[in-house]
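In the two assemblies presented below, chain A is common to both, partnered first by chain B and then by chain C.
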Partner chain A sequence: MTNHWIDIKNSNAVLIMGSNAAEHHPISFKWVLRARDNGAKIIHVDPKFSRTSARSDLHVPLRSGTDIAFLGGMMRYILEKNLYQKQYVTEYTNASFILGKDYAFKDGLFSGYDAEKHIYDRKKWDFARDDKGVSLRDKTLKNPRCVFQLLKKHYDRYTIDMVSKVTGVSKQHLASVYETFGATGKPDKAGTMMYALGWTQHTVGVQNIRLACMIQLMLGNIGVAGGGINALRGEPNVQGSTDHALLWHILPGYLPAPLATQTTLAEYNKATTPKTNDPLSVNWWSNRPKYTVSLFKSWFGDAASKDNDFGYSWTPKVEPGEEYASMFMFDRLYKKQMKGAFIFGHNPAQSMPNSHKIRKSLENLDWLVMGEVHLTETTDFWRGPGVDPKKVNTEVFLLPCCHRGEKDGTTSNSGRWQMWHYKGIEPMGVSKSMGAIYTEIFHAVRDLYAKEGGALPEPILNLDLPKAYDADKTAMKVNGWFTRDCEVNGKKFKKGDQVPSFAFLTDDGATTSMCWVYSGGYPAVGKNLSQRRDHTQTPMQAKLGLFPNFSWCWPVNRRIIYNRAGVDVNGKAFNPELPVITWDGKGWVGDVPDGGGPPMAQGGKYPFIMHTEGLSQIFGPGRVDGPLPEHYEPAETPLTKNPFSSQMNNPAIRWIASDMDKFAKHGDPRYPIVLTTYSLTEHWCGGSDSRNTKVLLEAEPQLYVEMSHELAKEKGIKNGDVVEIESIRGKVQAVAMVTVRIVPFKVMGKIVHLVGMPFAFGWTTPGVGDSTNRLTPTVGDPNSYIPEYKASLVNVRKAVKVTELER
Partner chain B sequence: MNISRRGFIKLLGAGTACFGLSQMGLNVKPAQAYATSLKTAGAKEVVSICPYCSCGCNIIMYVREGKFISSEGDPDYPVSEGSLCAKGAAFRALHVNEHRVTKPLYRAPGATEWVEKDWDFMLSTIARRMKTTRDRDFKTKNDKGQVVNRLDTVFNLGSALMDNEECAVTVQALRGMGVYQIDHQARI
Partner chain C sequence: MPKTFLIDTSRCTACRGCQIACKEWKGFPAVHTKQTGTHQNPPDLGPYNYKLVRFQEYKMKTRVEWLFFPEQCRHCLEPGCKAGADAILEGAIIRDPTTGAIIFTELTKKLTEQQAKDVQAMCPYNIPRWDKKEGKLTKCDMCIDRLQAGMVPACVKTCCTGCMNFGERDAMLKLAQERLATVKKNHPKAMLLDPEDVSVIYLVTEDRKLYYEFAEARTPAPMPGMTRQELLAKAAAPLGRLLG
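What follows is the complex of A and B.
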């Protein structure tokens, strides 16, 4: 989230799209309703009517997978009706930047496309630059090659007529949403967007969110109270686990994973540290080498020195252009290129797409180490449906993990609040925390290397990882400390002092930090800010619902990021009633300002300090699939032609080829129905925790499929019948829930039906049904490789024999 | 004095009972007796956090003699103001739960059942498997002769359930061993 949960109350319009907030983030909805009490309009755009829709002013059903068409229409409307916030757009975004001669867009493709490799040469999308490399601008926004004009041209095709035909949303609904949300373009109005997996889980997921951000920038809604682009994160600590980079492509704190071509630290720094010659740009990432060295210093301790690049060469390097996201990992496993795995608190046999392939792949492991609280479809894959355990040669180690209430530590909520939780009881049985288990496994491995030697033992023997896992000591190390007496930024520090904030991290080995964005959360011994419970506020903060003394928030306790864009060039808040920050003549008051220095009119710098140019990106040359979002159909679509261009699917998708990766044809008559999947209030993700909690299972006991009365009639299905849902990849049995919550869509003149299913039910809980993901395809967004769970093709029929559900 | 909302309500409650009502001539003894007989009476209050979605609702655990006897939403958490959804309300039932795995379980190749083992067996056997795989498959250079120092045949999945500190040591341990194919629910 750019903002935080409570701030939703400050909105004038709340667009909930790609989320069912009331059911899946129920507490968030408290603040949506508070906004509504204050007069805000609440809009829910979602294929299914839910409890979120029931409390909204407007529910707008749209065909799953057409968000870009919907939002593209909104962009066109905002431009056509001049609803954008002019000063914001010219001063704080790259709308005035002029494109270089190579940029072009034609019939669904941007310039630089390599049709064989499915990749773009992104250099073709660069801006025209002066002799110092600074981008050329036209602040009148009239130059035909400026971003603003090209944006206008790009979305000119997204007329209300066209969008209505593609999305299945009525023209009246479209106009109503566009008008309501577009009204937040006034400087003193704010609109927020709340999204979740309904936007990410598409082959155009990243561009869905980019287009939403672009609209928010056009309307001046980023950096203001009641604004922002707010990801409702679906896991308890997925904010923190992403920050700490349990991911292949980044190191903790959003540092790119080193590539094989970057053979030294100097080469890595050169490739990953952006440069600008624009004196008005802060270019915060120019500090990256400080964060990188502090990270390696925290990993390798005294063994990391300038002479050995702080251990850089010991850490693994990946091949440039190669993909290692989980869907590719499992493809390698399926192709027998993997031998061992650690799977902790994750149930891929249930929750990854194309579960048949995942389950089959697991049989190819020599050994599997799992950390879990309950038995899951993954821990017990070797005796799953249709599997003969005697033929599965995988050696499985299941390590019992304790629960949240049995350990100390911090998690970060969706608004980036890092909060401490305390151990209330001893771990059940001989279970242990996952942190302790990984630490103990590592030390058991290290003992062997210390005794016997082996392949490159240095990184293992030199790793500075204490033998006993201790959450408090680790939290101190995440913040970072000084490794020697030194002076930084004019302040003197002693060896062992905690680093006050990331502004004091250095690139010479004098500091450690396991994740620079968290530096400042534990700034002195005994001063763990995540434990704060203080409600003290200034009157201005109280009005905003800002609690700067409760817990701690990264970065540097800033609660609303990009807040320097929420003020005009003189430092006055665009909305004087709800200033996040404001310049009082001497300094900023309110939240922690995003970048110091005076307002721009008084010699200050650009507000988007994390961007090399200092301005936000309406035109975004950094994504692999294009600088401007464009509508492409889902990998599996009921249409035979993309109405916007001859390019049917996202051209940058890397398709996985195996005998188990089948896709329905476009407009496949065997699978004419769109399937979308979702969660439930009473269950959580793959369901292994909630299915094992009796009261929750009792509340939602079995797998079901929601369908319209019209589809049910067509198929001869009655409410409560057990039906079989079939995709090209598999079949699933579920109870039919025939409902008015889902309606047929009229798309390009034809009726398209959609069905919706939860994915929380699996075979280890008897009689509840089995994984919905046996239906979904292994294909994902080419930037994130998040799978397309939200739109695939199926057919539905009444089950002849009920085998998967207890009736 | 910094009084939290919860503390304030307690103080208000106590004040009302002791001074307000009794001064008005009401007998508050039965109510006091009832209050002290609540099942949470005398229990230690410990702040935890809901392990489901990212609203991060703070939850008060009531613990007596090491036993987890009850839980409720924490009114001092400014986001939830004490509310919980169905899953958060079942926080205790999630912990005190007969379905939990409480001992290390081992399944040998081709076996049809789990067998209980102790931690020593598990850790030493896992370490041996990891070392054998790593020593055999560790790649110091790629085909182009560039130093890569990585293990291509072992991957790690999980978990967004882990605390920040757990994530930090896990990433450190994995990358230290050369495991870089790391992923978790952020990509779901």
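What follows is the complex of A and C.
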């Protein structure tokens, strides 16, 4: 989230799209309903009428996978009706930037496309620059090659007529949403967008969110109270684990994973530290080497020195152009290119797409180490449906993990608040925390290395890891400390002092920090700010619902990021009623200002300090699949032609090929129905926790498939019947829930049906059904490789024999 | 001063936190359920389910209405169940004078199943359920143990949207009127259900008949051997009103 949960109450319009907030983030509705009490309109755009829709002013059903068409239409509407916030767009975004001669877009393709490799040469999308390398601008926004004019041209094709035909949304609904949300372009109005996996789980997931950001920038809704682009992060600490680099492509704190070709720290720094000659740009990432070195110092302690690049060469590298996302990992496993695996807190045999392939892949392991609270479809894959345990040669080690309530630690919420949680009860039986388990395993391996030696010994022997895991000590190290007596920014520190904030991290080995964005959260011994529960606030903060003394949030306790874009060039808030920060002549009051310095008119810097140019990106050349979002159909689509261009699917998708990776044809008559999958309030992720919490299973006991009355009638299905859902990859049985909450869509003149299914039910809980993901395809967004769970193709029929569900 | 709930269904998201919290606080075991084509589960109130969120969906003229009704005992001011039980065994059902909670005591174990059924029939909202295993009549007790320890009922504590409200009767009646005035702006049919008769006041946004059969108080069946006059004498509002 750019903003935070409480701030939703400050919105004048709440667009919930790509999320079923009331069901998956129930607390969010405390604040959504407060906004509604204050007169805000609540709009829910989603294929299914859900509990979220029930509490919204307007529910707009949309064919799954057409969000870019929907939002592209909104962008066109905003431009056509002049609803954008002009000063914001001109001063704080790159709308005025002029594109270089190489940029072009034609028939669904951007310039620089390599059709063989499915990749773009992103250099073709660069801006025209002056002799110092600073982008050329036309603040009148009239230059035909400026971003603003190219944006207009790009979305000119997204007429209400066209969008309606593609999305299946009525023109009346489109106009109503566009008008309501577009009205927040007024400087003193704000609209928020709340999204979750409904936007990310598509082959165009990242571009869904890009377009949403672009709209928010056009409307001046970023950096203001009640605005923002707000990812509703999952309860499994998705925010915290992302910050701490759960994913392969980054190191903690959003530092790019080093490439095998970057053999020295100097080469890595050169490649990852952006430069600008624009004196108005803060270019915060110019500090990146300080964060990188501090990270290595915290990993390797005294062994890391300037002479050995602080252990850079001991850090794992990735091959350029190689993909390491989990769907590729499992493809390697399927192709017998991997022998062993550690799987902790993850149930891929249930939660990853194309379960049949995942389950088959696991059989190729020589050994599998799992850390789990419950038995899952993955821990017990060797005795799953259709598997003969005698024929599985994998040795499985199951390590019992304790539950969150049984250990101390932190969770970061969607608003980036790092919050300490305390152990409630002692761990059950011999279970331990994952931190303790990993620490023990590591030391056993290190002892072996010390005794017997082994491949690449340095990172093992030099890792600075205490013998026993301690959550408090770990939190201190995440913040970082000084490794010697020194002076930074004119302040003197002693060896062992905690670093007060990331502004004091250095690139010479004097500091540690395991994740620079969290530096400042534990600024002194005994001062763990994530434990704060203090409600003290100023009257200005009270009006905002901002609690600066409750927990701590990254970065530097700034609750609404990009907040300097929420004020005009003189430092006055665009919305004088609800200023997030304001310049009182001497300094900023309110929230912690983004980047500091005086207002722009008094010599201040650009507000978007994380971008090299200092301005936010309407035109975004950083993504692999294009600088402007464009509608492409899902990998499996009921259409035979993309109405917007000759490119049916996202051209940058990297397709996985194996005998188990089958895809339905475009408009496949065998699989004419769109399947979308989702979670539900009562179950958690793959369901291993909640299916073993029997009172939750009581409330949602078995797998179901929601479908319209029209489809049910067509197929002779009655409410409560067991039906079989079939894709080209597999079959699943579920109970039919025939409902008015799902409607048929009229798409390009024909009727398209959609069904929806949860994915929480698996065979280890008898009689509840088995993985819905036996239906979904292994294909994902080319930036994130989040799978396309939200749109694939199936058929549905009444089950002849019930085999998977207790009746 | 007796306590009162305001259940503002215009704020209910049917997260079922209340339904689960109720079971968890009481330490009730899960009951075995099946998916039958609705999110409502278990299908009905029971000895291990004092609170149940009921779901009803309708296709209206311009929009879908999905109505949620977090059902529980209304803790009537003049409870029919108590009137019925008093006629059989004084003390089986009592009214806690401090909170106004209607409590089924251990003495309900002394009722025969048929007598329990007769008591059940006296409830205008069809709330009490027979616990076959224990041989007693059961229902929500307002979390009297929590109240006596200075806490609010579990269902209220867990509600995150402001649907479940609990407090002194005066304050709740005032809040009910305020909320009704606000909700009516968007939902002209909004109303409070029997606010003068019950300690658990529902604010609904649509015609009460759409929620479920017993959102509307029913006419109770007189106890065996009891005349209509006796019933009227025993049971005041809402029964009195219903019986005319």
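Here, the second predicted complex is superposed on the first by the 806 of 807 C-alpha atoms of A that agree within 3 Å, B and C clash if a C-alpha of one lies under 4 Å from a C-alpha of the other, contacts with A are read in each partner's own complex, and residues count from 1 in each chain.
One rule holds for everything that comes next: contacts are C-beta pairs under 8 Å (C-beta built on N, C-alpha and C of every residue); 3 or more make two chains touch, one makes a residue touch a chain.
None of these values were measured; they are calculated from a predicted model.
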Contacts of A:695 with chain B and chain C, given as first, second, both or neither: both
Which superposed partner A:243 touches (first chain B, second chain C, both, neither): first
Chain B versus chain C as contact partner of A:33, first or second or both or neither: second
Touching partner for A:703 - first (chain B), second (chain C), both, neither: second
Touching partner for A:348 - first (chain B), second (chain C), both, neither: first
Contacts of A:801 with chain B and chain C, given as first, second, both or neither: neither
Which of chain B and chain C A:682 touches, first, second, both or neither: both
Partner chain(s) touched by A:460 [first = chain B, second = chain C, both, neither]: first
Chain B or chain C, by number of chain A residues touched: B
Chain B versus chain C as contact partner of A:132, first or second or both or neither: neither
Common ground on chain A, meaning residues reached by chain C in one complex and by chain B in the other: 26-27, 30, 681-682, 694-696, 699
Contacting residues of chain B [partner chain A, same complex]: 2, 4-5, 44, 46-58, 61, 63, 66-68, 71, 76, 78-81, 83-88, 90-91, 93-95, 97, 99-112, 114, 119, 122-131, 133-135, 137-138, 140, 142, 144, 146-188
Chain A residues touching chain C - in the complex, by the definition given at the top: 22-23, 26-27, 29-30, 33, 37, 49, 51-55, 57, 59, 681-682, 694-704, 719-721, 735-741, 805-807
Complex interface listing, chain C residues touching chain A: 11-17, 19-20, 23-24, 28-39, 41-42, 57-59, 63-66, 68, 160-162, 182, 186
